[in-house]
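Labels for the chains are A, B and C, by order of writing; each one numbers its residues from 1.
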């Protein structure tokens, strides 16, 4: 509710942000679409004209495509399961009365502030190195043979590293949600004789459902685009090539822009499917 | 100076017309109260006058000059909001100084006016506090202070007392009335509380669904309500309104009698009924009487105390010269 | 939710929480510790925890070899510049959405957020080409613009949620008090929104600081920030644990400290106000 004058001023104030984002979205998007229909090899003859849907067909039929999709989904799902489950447990624990709650929270949140290149390198070299890594020492201490993490258990290792980065985010949001739970509700359930596990499943978990959805959706967006962790650790080798990374290789390493762009369009479609779900949920929360 | 005239003003939100064409003149120096049930459009009307909402059609004139398209800042009106709307990051002094600073007034004059307003409103000791450190009543005073330092053409109050507790509300009511006596500035005051309207107003505007039901002095509204709605809205406890054969006896489709205009007897009277709940206020007693043969329960107000018990038989006699009669459209029959 | 519990239970909670907290924090702690060891001590078997000769030598070597100062400067300029530029564009937009909402406001907000979901890799080459054309490749200005654009939706969103918590009546009061639009934003809105703006700034500074797709792909030498500085340690220098640790510590320390100080505000911003 406002006056005409303020409404036109408002439109004017919104314009720069809208125009910038519109440009940022449309210009590269149209270029990507354009390239995806052309044979475009910047180092081998440049733009060689229209090819129709060839790039799309080639991208999907390449032997790397389905493994890449599978890898992408495995990483996203693996990280989601780990961060959400551990996040819930950790959030419940952190909500309990204890000494030094603030300090513990700072410790738990810290990985979120570590840049992906650093965490990937530190994990790769100082922990997962099969000779000098800390995990190798630990394995040897227990008399086991050290594992070559990033080559023998590459996918699991990446999932582990990424989970470590995202666990703080999940924990913090879930903790905030738990703290908003009306303690009278829990006390009422306690008076009604509900044991601890029942209280968790019938009261705490439903209360967290919205927060869990938000964690899942926001993380999915970021996890689909995961890059530095793979770039720095395996470079896409040992079955860790995600869809994003495959496209990156097609465009920058093999300099096949047409093919890479077709892959990009697939990635955009995939992201949009996820985005639609996210929009629905966030949109609903806007109303309240 | 502060005469405000509304000419054929309407307001629509989308397709919904919340104010149908409306004409109203508020004279200079008058204390006008807009009263009506919630959702009647009284706050919208005030915001139209303030300029916080655009009117859809029609004109608003302030002191004879067309102000329809003038921005709020330039209308020379001051407003006190329901939530007080104090600036939380400024001290009381800065809050009160804000409109003067916006007007580009020099520092000495600002200080003089603040000192003046603070002494009038008993705020001198609080000038350097933040609004968050004040009680509800003090915040209210700061909001009023911020309004009076500007010496506006008119004050607009949007349900200013509704966030205060009962005792404070009575006190602030008196303070605002006194302020009006002293300043003699036009005041427009929106409330849903008919007691506030009756006690403070020179002129009451009763609104329902955007329509003006009646404009008049408090006593006019009390004695000569133009229709059934106004009759029921003004006065506390509410007027007893009944229809049917009983009403026809008094010459209307419906008839109404205020609780204070009914005589009570334990032995004889026009209507015989049974005592329900009796509310003893000390100074007055409200008796709710059932089974009188009228449509509804009848409320009676008796000065002083009377000892009646639940279920007692009681006789009621309306004072005939105080009987209000309404026709089939609910309009008053003179 | 401070319910009374027995001291024993509280003790167990405390022990468990601290153990898990330290476990999660351990990689960072280990990195910091290792940065003060000599290379030989860093790979000693069994690993040395505290019983080593503390040395600052690694920091010296890292500084000397790779011009840490320039990378740090680039990070600060890119993260800071994009945040400030983003705020300049976002504050008016968020203001108008929060206080003069129209029927399309919600759609515009959702659309803005959806641009955030455009997979970067899908548009990498076009941006790369445009950057070459415009001479922005490996320039700080180019990265400031890109960082601003990718974070703009988040800035607008966060500001919008904060602005919506400011009562409209206060702005109306300012308007009645004779404030112009400019004065209203300057004297009333901005001071009241300072906490919200501050936490928005922080989160975006952190996001831009840690961003490692565009910074790696659009820079080479001149504009490379700390993400690239660290990536250059991937091999073979990565095998020199102590130096890697020193470089890592230098790259994350500023943000770690900044983040810890502002964690409460960050949580609120991160949830887009959807979780209270």
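Some notes on this structure:
Operating definition for what follows: a contact is a pair of C-beta atoms (placed from the backbone, for glycine too) under 8 Å apart; a residue touches a chain by one contact, two chains touch by 3 or more.
In this text, all values refer to a predicted model and were calculated from it rather than measured experimentally.
Among the chains present, the centre nearest to the common Cα mean is that of C.
Chain centres were defined as the mean of their Cα atoms; on that basis the chain farthest from chain B turns out to be A. Mean C-alpha position of chain B lies 54 Å from that of chain C. We define each chain's centre as the mean of its Cα atoms; on that basis chain A and chain C are separated by 16 Å. Chain B has its Cα centroid 58 Å from the Cα centroid of chain A. Counting partners per residue, chain A has 2 as the residues that reach two or more other chains. Within chain B, residues 52, 71 each touch two or more of the remaining chains. Contact residues of chain C toward chain A in the complex are 1-3, 5, 9-10, 13-14, 16-18, 20-22, 24-25, 27-28, 30-31, 34, 43, 45-47, 89-90, 92-93, 95-97, 99-100, 102, 106, 108-110, 112-127, 129-130, 149, 152-153, 156, 181, 206, 209-210, 212-213, 216-217, 226-228, 230-231, 233-234, 238-239, 241, 244-245, 248, 251-252, 255-256, 258-260, 263, 267-268, 270-276.
Considering their complex, residues 2, 6-7, 9-11, 13-14, 16-18, 20-21, 24-25, 27-29, 31-32, 35, 90, 93-101, 103-119, 121-127, 129, 132, 134, 137, 140-141, 164, 167-169, 172-173, 176-177, 179-181, 183, 210-211, 214, 221, 224-225, 227-228, 231-232, 244-245, 247-248, 251-252, 257, 260-261, 263-265, 267-268, 270-272, 274-275, 278-279, 282-283, 285-286 of chain A touch chain C. For chain C in complex with chain B, the touching residues are 167, 169-170, 172-180, 183, 187-188, 191-192. Partner chain C is touched in their complex by these residues of chain B: 50, 52, 71-74, 77-79, 81-83, 85-89, 98-99, 102-103, 146, 150.
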